[in-house]
Structures are given as structure tokens and as C-alpha cells.
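Next up, some structures in C-alpha cells.
Note that subunit A is present in both complexes that follow, paired respectively with subunit B and with subunit C.
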Partner chain A sequence: MVEIHAKPGDSVRIRLAKREIDGILLESPDSSVVLLKVESGYNIGIAKENVLALRILKKYIEPVLPSLPLPSQNLPAIGLVITGGTIASKLDAKTGGVKPLTSVQEFTRFYPELFQLARVKAIENPFMILSESMSSEHWITIAQCVKKLLDDPEIQGVIVMHGTDTLHYTGAALSFFLKNLNKPVVLTYAQRSIDRASSDARLNLQCAVQMALSECAEVVLVGHANLDDEYCQALRATKVRKMHSSRRDAFQPINTDALAHVWPDKITFYGTYRKRHSGMCELDDAFSDTTALVKFYPGQHPDILDFYALKYKGIVLEMTGLGHVAASDSAQNWIPSLKKHIKNGLIVCGAAQTLYGRLDPLVYSNGRDLAETGIIFLEDMLPETALVKLGWVLGHYGWKKHVREKMLSNIAGEFGERLVA
Partner chain B sequence: MVEIHAKPGDSVRIRLAKREIDGILLESPDSSVVLLKVESGYNIGIAKENVLALRILKKYIEPVLPSLPLPSQNLPAIGLVITGGTIASKLDAKTGGVKPLTSVQEFTRFYPELFQLARVKAIENPFMILSESMSSEHWITIAQCVKKLLDDPEIQGVIVMHGTDTLHYTGAALSFFLKNLNKPVVLTYAQRSIDRASSDARLNLQCAVQMALSECAEVVLVGHANLDDEYCQALRATKVRKMHSSRRDAFQPINTDALAHVWPDKITFYGTYRKRHSGMCELDDAFSDTTALVKFYPGQHPDILDFYALKYKGIVLEMTGLGHVAASDSAQNWIPSLKKHIKNGLIVCGAAQTLYGRLDPLVYSNGRDLAETGIIFLEDMLPETALVKLGWVLGHYGWKKHVREKMLSNIAGEFGERLVA
Partner chain C sequence: MSDVKDYPKLGLKAGLEIHQQLDSGKLFCACPGYLRSDEPDLLVKRKLHQVAGETGEIDAAVMHEAAMDKAFMYQYYRDTNCLVELDEEPPHQINQDALHEALKIALLLNCDIYQDTQIMRKTVIDGSNTSGFQRTVLIARDGYVETSFGKVPIDSVCLEEDSARIIIKDEKQAVYRLDRLGIPLVEIATAPALNNPEQIKEAALKLGEILRVCNVKRGIGTIRQDVNMSIKGHERVEIKGFQEPRMMVATCNFEIERQLKELEEGTTIGAVRNALEDGSTVFLRPMPGRARMYPETDLPLLHISREIIDAVKKKLPKLRNEIRDELKKRGLSDELVKLVLEGHLDEFSALSKVHDNPNLIAKMVALWPHEFASKFKKEESAIREVLTEAVLERVLLALNQKVIGEGEVKGILLKIAEGMSVADALRIERVDDAELEAKIRQLVSEKPGLREGAYMGLIIGTLGKDVDKRRAMEIVKKLLVR
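== the complex of A and B ==
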């Protein structure tokens, strides 16, 4: 068996019986397996006994960071909120994983380009976590940081750097929390950490700056428009979803089009958007965590509703097709259980598990029966946006009798155009 | 206020202050609202007081069906399984809803083209239900019907006509239940009922016949490839999902490409597929209903696992990103709860809620912690396919100690190609 003389972090070429593989050698938890990070970004494991030869292409050297450039006083000012995620992480060459940038200082050194496009007047760094671990307290904290930066008259726009996993939830939350928004609030991300050759972080951040300095006073998500490293798309944060686990264009607009295409030096807008104004933004971050998201599947027992009705005030039900769950022609008829719980006060909102398209429960007889239970059918609103909005609506005690009306009002672009006269 | 002199079912033109709308007048549950089905298929409601004028474009006449053509004895034989859904429904002109075709006789009259392409030797019609009401008993019954038809040496292939809402679940079930498949099994559907001008049923069914007579012995779904009424795509049933609530090309391949493009008179295959053979298909429909699908969302309390662990043997968890849930950097850390329940015997499989892409939990530290809990990460398998497969695996008592191995084996094309040496 060949001896593995390379060290974790080294670029190596491995020869197998039928082909060669290039990659970065990782620390392997299993001594009989050689672990490689390949250019596509995946880790692959190869049984050591299959390795015929290993050649070091390049020894690993801890990268030397450029010194921090002095921000120019003549550039327009922006504010940054750094929350963690890959865009604020670097590769750990030994494990092949990524670890957070530990200081704002380190962060500014990783993104020198940013400091040539705008003057970063203030940085808020309330926490450093991966976005799958966020919850509503984090959304509220981020909104408070954004509000603080927006209130600075010098700051033209705010960029929020965030993990990708639940970025669309945070975007929806900021869309509802920031009332009368006066300047751009731009969420951005990276799917691959900044010290990897294939990183998407630089372009995303450069385009985010363009957007933050634009006339568009909306909460938008800016990220790669495709697999090329040329331009980004700006997406309204209530109508976007992470649609791929690893691609740099993971975020896609759902039931709408991109609001703009953004290059590092220009923007092309499509359609209408809310304009920058001189008023003040208000923070409206009342929120109730007594909500849940339930995805219906065939054969599912309606007793899941009993579980949620015990502790929760409202649920978003991901329904099939035009807005269905198992009905009277099924052994697991959901209609009596829905009727009972809704009558007893549980708010049940319906969203489409197809993601694309609009609910229209009146087309089929099952849907018409369901409409009579009191479900609030949320048209073309995304289930993720619906969950955030429901928590926000239920967080307002004064809206207790107006939940249906509030859920069906278009507050932050969460509904697309409807065919109603 | 204008008098509405038209009858439900009539095609009408309504004049409002600023525009005119054409559509089919429907019975309205609210006498102050005029309900119209417009060409896009949506129902719209208009306050009667806004209607300035109404003109009848065409009176409704109950359609006269052509008489049933005699099947030609020279055509190749196929078998049909009719289960309900829009493809076996007709428009109820009065309510604007659709109702099931009540007899097989009526069905054959609606699809005369079918009987010119193939000889329908046998029809199985075990039930007529909308697919949101199906559960595993229905999948088993459908599989038994298909098996019976496949066993007829004259029959070249089988077509299953099914509602769209959960068609992809049934397709996955048939893919696992039908072992050593010897002939094509083709699922098809309609998004709009056959008596509507915009119906997609005819093309889907004609292309399904082409596929059923082809060399491809796989379970595939055949339906519109785009919004034009020109050709269909054939999709492997374990890697397909309903991705739009109403478009005719609602079904899209996920993490793979179409297996073939199909016209009413020809097929072009892409890639490799299992070939028709003279052996016998075996039915392996052991199934356990003790499984559930849980979609993780930010802030979700892990006590949902306690609920499922009480009654269920296994769950499929729709995880964020590369395979994450809230971990040790969260107030709602799921890791201790996952560890406890998995140790006590609960099977937890992970699938991607992004739908597109592949899980790779070893990239981030949270993922590596999660991998240690014993979650079975299902790579690029769809959550819906995973739920069906887990029920099927757990239904086999003899596989009790091999659940991980079975879940990670590629049995019916549920995994795409992996980058593993």
C-alpha cells in the first residue's frame, strides 16, 4: 500500500487504477480512507488500498493577508451587519470544513475590494452563527442593528452578511419588521468560503454594495445570477428561496422575476420598486414563536394537528396542488379535525408545497370542502415567508381579530399580482 | 345594477369601468359576486355592482360525445389503470369545478385518439379518487393492478392515469414495489380536464402510449415538457416532483435530466435506461406506515421528535442546506434530542429541503456534529421519494438490521451519480 507522505491542506494528485484525482488532502477520521476536497467543492473518500500513487502538487502555506487599506473619506458610506455564515468564514485546510472569521478586523482584510467601492462607516456584529441555528430572536437583533445603521443620515444603505441555509427566512422577517423603509437593505452570502478559488463571496459583496447605494428602498437578497462569476441578481426577500444545496446561484425568485441584475459597476432594474426617501424607517418587530410549519404528505394522520393545537396559536400547512390535503374520499380525512381546531381558535394558513404557482381551492370538490373549514389560503405566498409573516401577525396583540385580513394583505411584496377585478 | 341574464356554463363578456373580461360564468355562492372562470384556468370574483354590462358570447350546451370507435385488433396491446384525478374528470360547467368521469365507458369516449394508437386490452379501475386523498393502501392496490396487467404476455406496457397532487409519491412507490420490471409502466395526468380547450390530457395520454410501447422497462412519468402542446418529457419516477400548482409542465426532474422526450409519434431517449425483457416482474409491496416527513424550520423546537418517536419507527427530516438543523450554537439545539431518539431506535433520514443539490454534512462543523448522531444522509434523494422508500424498507421485517444499507443502496434510480471513487 502506498505511503501518504502529504499533509492535510496540501494540493495532491492521487492515482487510482483507472484515473487520477486532484484535490486538497483533508484530515481523515478513518485511517484506511484518504479524504480529498475536489474542485467541485465535494469531499470524496477513497479506500487507501486503491491508491496506487500520491504526488504533492503544492504544499499548504497559511495564507498571508494583505494589510487593511485605509477607507477613503470621499466614498459614499454604508453600514454592515455581520452575522456569520460562509461569507464570514474561511477554509480550515486540515479538516476541509470551514470556520468563522474570528474578528471583524480579519473580515475586513479578506474583502479589500469592498473598501474601494464604499466607505464602511459602521459595522454591527451581534453574533457569529451558522444560519440553520438562527431563530426569531436573531431576526429581531438583526433588524435592530439594521435600524440603528439606517438611522445614521450619512449611511446610504445597509448590507447584511448571513449564512445561506435560512437567509430567506431572515429576509422575510426584515421585510415585515422594517416599516416605511427609507434605504436599501441588502442581504448577501457565500456558498463557498472566500479563501477558495471558486468562492462566490467577492462578486456577491461587490454587487451588494452597488445595490446598497441604489435608489431601491427594499429588503433584497443579492447573489450570483448563474454559475458564471459575472453578475448577480437582486431578489425581493419575501419571494425568494434557497433552491440548491451548493450552487452559487442557489437563491431563486419564486412566482416572480428578479428585481434587478447587478454588476460590480452597474445595475439594471426590471419592474417597479419602492424608492429611497428622506423619512425615517420604523421598527415593528413584535413576534410570536407559537407557530409551526407542517408539510402534508399522503397518508399523514391528522393527529399532528392535535399536537400543534396544544401549544401553538397558528400553523402554516404546506398543501398539495391547488390547496389540498386528504379529504372525505380518504381514510385519513383531515376535514373534521381542521374544522374542530379552527373553530377552537387555531389559525391554519395554507401554502403550496409545489412552491411555484398559486392556490385556488375552489377548482376541486375537496378544495371547496377545505375552504369551508376556515383555512386561510395564501395564494402564491411561499410557505417560508408565510411562517415568518404568521409569527409577526400573531405577535401583534391588537390584530387578534384581524389575522385573516392581515395575512391576506400585501405588506412587503409577499403576494404576486392577482387576477381579481 | 346590471341584470345577470346569463346561465352558469355560458361564455360571457363582462364590461367593467376600465376593461372587459371574458370567461365562463359559474354558479356563485355569494349573490353579490359574479364568478367567472377565465382562460388561464383561474376563477375570479367580481362585485356585481362593478359590472357595467354582460354579454353572452356562447350559450352552454352539454357536449355530445362521439360514439366509441371499435378497437383495432392489429394494434399492439396495452393495459390501463384508471385511479381518478383530473385526467379522469370533466368540467362541471355550473360550479366551475371538475367532477370525476363516472364510468370507464364515459372515459373511453373522451379519449378516442387513444384507441387509434394501441389496443386497450384490459382496464383496471380499482377506485376513483383525487390523489391528495391517497395513501399507501392505494399505492399497493395500484401496484397489484399493474402487476396483473404486466403478467399478460400480450400487453406491451401499462399506463396509470392518476391525479397530479401526489403522483410523484405513487410513482416512487411503484418504482420500489415492482421488482425486476419487464415492461414500461407509465404514469400520466392532466392539469386541466379533457373538456376544456386548454386541456393537456390528450397529448399526455398519446405520449404515454408511445412510452408504454417503447423498450424502456422503467416506472416513468410522462407529461408536458413545456407550456406548448407539442411534446412531453418522460421522467424517472423516483426523481420527479410536482413543482407548480397549475402549469401543464408541473412535473420536473430533480437532480437529473429527462429520460426521454416524447411526441405522439416518436421518442428520443437521453442517457441509459433499463430495457424490456422476457422475465417476470415480481411484486414486493411490503410497507410500513410508521413513517413521517418533517420539514425543519428556524426556531423549531426539537420536541416534535418526541411526538414522532412515540408512534413512529422512522422519519425523513427535510434539512437546510447541505444537511443541517439547529445545532450547538442555537438555543434550540437538536443534537441531544436526535442522539437520544436514534439511540433508542428511531430511524432518522436526512433529505434536502432545497430539493436541488446534494447533502454533504461534513463541510461545516454543525454538520459534522449532526453526522455523529446517526442520521442517514440521503445524498440527492428527494424527500418525497425518501419517505416512500423508508416505509418500504421498514415494511420488510428481515431488513431490520440493514435499514441504513438499504436506504443508501440505489434500488430504483433514486440516487444520482456520486463523486466517489
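== the complex of A and C ==
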């Protein structure tokens, strides 16, 4: 077996037992296979053990990209926070892998429409990671970047480009962290990679710009409203969830309606929203990550609570139906354990496994017994929003005695008083 | 325009590209490959954008398509489409049935298989693919097909997904149907080794023959043939959309004239052109380059193991010469074998499964329609439109059920060819049967005690030569036993 001394992108000639093949060497996902782009444009693999010799015909030269005209200075200014995810990744033809977009120039090449609708005054790029790898530290960093952009008087609104998997957690975090929000903060995403002509990122970004320039000073998520490439919906970031693993309209409002429908050239608002104002936004990013999200299931033993009580200050318990876990009529009665741990200081919040609908522990007797344990029933708040809010509340040392009160007050639209059909 | 040209002097170089649909489910999802003619359940509206390649260049063909900024509508059927065709779910693993069938075709074409290869995305933004690309994978190389003028080298065999069907296309809109999107296609490309139109046609027919012994779809639109051709001094032009190999000679001659004219004018740019029915061609789009190909990042590298290749080799179907020997062994005359192999093998094989009588079926599919055509002074194709495989099958089923006798089959087909309904033709024979039996019964009762042969002589003498002798004999035997 021959040593492969060429680098991805090099033109090479490979000698096999019976023939030679010319092509461009690519980064192979399989270490036993040499991947080659041949003349027709197809990629083929060659078992490395069959390669008798490899000769470099031409070294790879980084292509000089054509410079693009500078965006117009007359357009309203926006700020961008790029954090990674599909919306900010592209295929690297040299290696065949997916790489993050970084330079403004690259963005202008992939999203020419964005730069025609607004002047991108500043880009913050704190990190490039897929959203499943984020933690509360990333939420804080993003909030700090957003705050910095919001403080620029020229900037009309901020767009955050983010992976989809945990976008709704980040959205909830920003909703609580950014106090007295003065301008739109718009989170957006892509479900289809941007190197394909069918990418959903274009429409999402065009609509995100519309929203960022609007009067709505809230943290919202903007993305496809349905399967059509026609318009997007703006969703309040505390009441949204990724409800599909792959569809472009994956994000749906839960227990509420869309705040607005957004076209590339217009917005229709539904209901009331906080208006843009000239005050300053404050950053309130105190956070404790000693919280956990626990899903109850039939037959689950309450001793699981002993583990959480040992390690965590508070948990959000995803409860069945109107707000239930196994009670006194069950061999695994949770009530004594809940009572004990709550009395000893563990904060237990209840959220609905059903996602849709409001908790109401008073309908059944089991629920009433549970209500007496001291669980904080979070009405129609989403479990993920509840987890983020609980971490934020517990991060404020001064609120230690007011956790219940804080959890139950509507700070960023996380509660809905009226559930509509 | 003369039909025979000095092709060597013109320096004609041509290659064939054949796209054949495989008869399996879709290539990258679990949907069936049915075409629909009913109302769709959902209409989805999409836009496609041009995407710059890695070096900032945009492929000429892609740029051409993107220049027509348009919304595309897609007709979706809940029961035979899924999120994959809507570009709302990543592709599933490649369909193994389709892969095996494609390998079978590659092996019949004497190709070497690429054991490690990568599924690619070929950028197509005319709207015919919801994703903005066609998935395609190179699976084999360096084969050949035997023709009367020698071996024609096969450069490559690819397995790819078919595009969505255009339903409405005008200035304002383009509506596609998702039924065809994702049906597996095998693409066979010959080397540019064909040097005159007759060779092109023969090579196309030979390839078609090989494809038909495999599990491929049949009928209009299931095979598409493109010709890549150039004369000396002109760039390569791809002519798409031949449905009929017999149009190839005329179209190629037409194209040579066109290229000659362009040579005079000095505009010898390569392009993709569409074949029209009159043999001429129209510009379709610029020639696509390699910039439009990039890997399908949602799928792993495709490894085709030695075990799979060996398993496919064991099950390779028989080719024409093998079939010829077999038909002879089954008792067909040389003449009938020749007739059957002239395009009637599919029908012959299908009907042989209904009724086991090679000679009768060979005559039904290959001989009689020709006879009837000259008898009625009609085109043979008109007769075949009436005597379809389904009709022949019904007649054979009636024969199986002993509703009719073997000797009556030709008469029944003649009546159907004349315009009688199948049901009537079969029923009338029953009435004729009853009449025949009554007449024979009468003859027997008039002259009792004779031998079978004697009665047959009497029957022919009284009823004429055209009587169904086999049926008459059966009736005589039946009556004599009583």
C-alpha cells in the first residue's frame, strides 16, 4: 500500500494494477477508501490497498473569489449574530465535507438578497457550533452579542442565525435575558442546506430582515409557515417548539397563534406586541444550570427524585394529562417522595407532556393531592421554556424566596391567559 | 438534403445515452413508482435559486435555468408520495432492488463495477426536481455491446432518480407532478465511437434489447434516448428525447446539416437540443459542465460488495442469442423464432405464462396480426392496437377454461380484428359450437356405427374445409363414447 502524500483539492493520477485514473483528490469519509472526482464530475472511491502509485499532476490553488460590490449605504442597518447550524454552513467542494461560512464576503455570495434588503452593519460570530452542542453558556454569549448590537443606535434590529435542534431553548433564554427590549431580535434557521437551490434559508432570511426592521420589539423566531416557499411566520420565542425533524415549517407555535405572517416584502401582525422604543435594553443573564427536565412515564419509580435532589436545585417535571404522576392508588406513589424533597428545598415545577393545553391539578383527586405537595404547576408554559426560565430564576440569588412567584409571573409571554381553538 | 452522406469525411462522432426506468419502488424513499392521472391531494409552491459553485462560478446550464425566475407548483398524492419527494425529509438509503437491477444491466453490458462510489447531486433548477438537484451515482464503467459492425464501448452506467413530470408549462407557471420524481433510472452512455446514423440506430436497438430482458418499466416515456454528436470542427451537441430509434437516422442527418450551417457561420457552440417529431431539433439549454456535480452529503459512501456482485451474476437473465436457442428447443420453427425476436418477445414471454403452447402464442403475437393486416389492407400497427396483450390474454384464458378450442383461436382473433368486441367474439364461438355439435349429432344419427375418421370426412364434406377440425374431432369423440 502506497502512502498518499497529496492533499484534498490536488489533481492526481492514481495507478492501479490494470489502469490509471486521473481526478481531483477529495477528503474521504472512509479512511480505507481514496475518494476522487473524475472528469465527468462524479466521485468514485478506490480501495486504498489497490493504489500502486499516486502522482500529483497539479497542486490545489485557492481560488480567487470575485469581489462583490459593497452593499448600499442608504439601506437601514441590521446586525447579524452567526452561531452555526445549517443556515451558516456550506459544502466544501475541495474536501466534500460541510464547513461553516465565516466571512462577510461568503455571506454576500450565498445570501445576495439579504444584502439588498438591509445594510449589514456588524456581524458577531462568537462560535460556530451545531445547536445540539450548545449549553447555557452559549445562550449567555449570544445574548451578550445581541446586546452589543442593540446598543448601536444605527442598528434597527438583530438577526440570529442558529441551528434548528435547540433553537427554541436559545429563543426562550434570550426572551428572559434581554430586559426592556427596545428593538426586534429575530432568530432564524435553515432545514435544507444552503448549497442547494431549494434551501429554505433564502425565504427565512428575507422574512427575518422584514421582521428585524419592523416595529415589534420582541424575541421572535421567523421561519416557513408551511411547505410553500411563500411566506414565514413570526413566533414568540417562549411559545415555540421544533415539532418536526426535517420539514421546513418545523417550528410551530404552541398554545398560541403566530404573532405575524411575514412575506419578503410585507408583514401582517395578529394581536398585540411590544413596540420598538428609544430606551436601552438591559442584559440580565444570571443563570444557574443546576436544573433538569424530567419526563414522567408509567411505572417510573419515585426514587429517581432522590438522585435529582442530590445534584439539582430545581427540576421541571413533564407530567401526564392535566398535571399528574403516579399517586396514592399506585405501588409507585410519588406523593411522599415529592413532599419530602420539596420540603427539603428542591424546586419542582410541573409542565404538560401533552405540550398543548393547560395543567389543571384540581380536576381529579390525585391532582389535588399532588397540588398539596408544593409542585409549581406552570399552566400552559412549554417544558423547554420552563427549564430555561427556572435556570434564570434560580440564577438570581435575590429571588431565592420568590421562586414560585417569579415562575408564575408572565415575564416574556410564556403564559397565555386564553387558549384558543 | 440527401439522406446518405459521406460520414467519414464529415468526421461524424456520436455517442448514445439511454435512460431507462426500472420497475421497482423509488430510489431514495419507500414510495411506489406509479404514475397518476387523478386529482392531486396537495399543491406545494416552491422557488429555486441559483447557487454559486465553490469557485464562485455558476454552471452555464444552471445559470440559463435560473434566469427564468419562476415559482414552481408540485402536485402531491398522499398515498403514493412522501416527504422525501417534497424535499422535506432526507433521502432514505438507496433502494436495493433498484441497485441490484442496475448492476444486472451493467454486468450484461460487460462492465466493471465501481465497488466504492459516491451518490452525487447534479444541479437541475428547471423545477423538475424539488431539491434543485438530481441524485445520481456512477456504478460501472468500460463495458461493450455487440453489434453487426463490432463492439460498441460503454463508457459508464449510472443509477439515478427520475425527475418530476411537467403538467403545465407556460409564461406564468410551471406545474409538476411528483409521481415520477424518484423512480430509478439507469443511464447508459456509450463512447463517442459511432460514426454513422445507422450505427447509432442499431446500437440503440441493441441496448434496448438488453434492457428488456431486465426488470424495467415498459411503455411510452419509460425509456429516453439522447444522442451526443458532432462533426469535425463543431462542439458536441446533445440531442434529447428520442422515443423511437427509427427517428434517429433522420434526426442525425438533420443535425449534421444544422452543424454544417453553423460551421459556415462560425457559431459552433455545444448545446442541449430537443428532438422533434419531424427530425429537426430545438435549443433546450447550454451544455452542463462538471461544476454542477457535488456529493449527496445526506448519504454515506456507497459500497457494492463482492457478495452482491456475485449474487447478481448468478441471476443474470438470458440474452437474445440464448433465448433463440431456447425457443428452438421449445419447438418453434426458425421463421417463428425470427418473428418473435423482432420485437414480440415481451408479449410472447408474458403470454407463455398464461398458456403453455409456444407455437400458438408465437403465431398470435408475431404472425397473425401481419396476416390480418394484409387481409384487411390496414397498417399492422392498427391491428396490434386492437389485438393487445390484454386481449390475447383473455382469449388464452378462455382456451384454458375450455370455453373455446385451440383451432378456433385464429377465427376469434380475426373477428376481434374486424371490430367485434372480445366478449361477443368469444360468445359467438360458443353459439357456433352448439350449432356444430347439433350438425355432427345429426350426421352421426343419420349414419351410425362409423369410425372417427369416416365421420370427420363426412363433416368436412358437408360443412366445408374451414370447419374447426380439432373441435369437430372432440365432439365426434364425445358423441361416440356415449
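A few points about this structure:
Simple rule for what comes next: the second predicted complex is superposed on the first by the 335 of 421 C-alpha atoms of A that agree within 3 Å, B and C clash if a C-alpha of one lies under 4 Å from a C-alpha of the other, contacts with A are read in each partner's own complex, and residues count from 1 in each chain.
FYI, a residue touches a chain if its C-beta (ideal position, glycine included) is under 8 Å from a C-beta of that chain, and two chains touch if they have at least 3 such contacts.
What you are looking at is a predicted structure, and each value in this text was computed from that prediction instead of being measured.
Once the two complexes are laid over each other on the shared chain, residue contacts for A:L203 go to subunit C alone; subunit B is not touched.
In the superposed model, A:R109 lies in contact with subunit C only, and not with subunit B.
Of the two partner chains placed by superposition, A:E27 touches none, neither subunit B nor subunit C. When the shared chain is aligned, subunit C comes close enough to touch A:D195, but subunit B does not. Comparing subunit C and subunit B on the residues of subunit A they touch gives the larger count to B. Of the two partner chains placed by superposition, subunit B and subunit C are both touched by A:S246. Judged by the touch definition given at the top, the superposed model places A:N43 against both subunit B and subunit C. Once the two complexes are laid over each other on the shared chain, residue contacts for A:K99 go to subunit B alone; subunit C is not touched. In the overlay built on the shared chain, the residue A:L227 is in contact with subunit C alone; subunit B does not reach it. By the touch criterion stated above, A:S136 is placed in contact with subunit B alone, subunit C being left untouched. Common to the subunit B and subunit C contact sets on subunit A are residues 38, 40-47, 96-98, 246-247.
Subunit B contributes residues 16, 21, 38, 40-47, 50, 95-99, 129-137, 163-166, 169, 242-247, 250, 289, 292-300, 304, 307, 318-333, 352, 354-360, 362-366, 368, 384, 387, 419-421 to its touches with subunit A in the complex.
Residues 44-56, 62, 66, 71, 83, 86-90, 114-118, 120-123, 125, 130-133, 136-138, 156, 158, 289-295, 297, 300-301, 303 of subunit C are the ones touching subunit A in the complex. For subunit A in complex with subunit C, the touching residues are 28-30, 33, 35, 37-47, 63, 65-66, 91-94, 96-98, 109-110, 192-199, 202-203, 227-230, 246-248.
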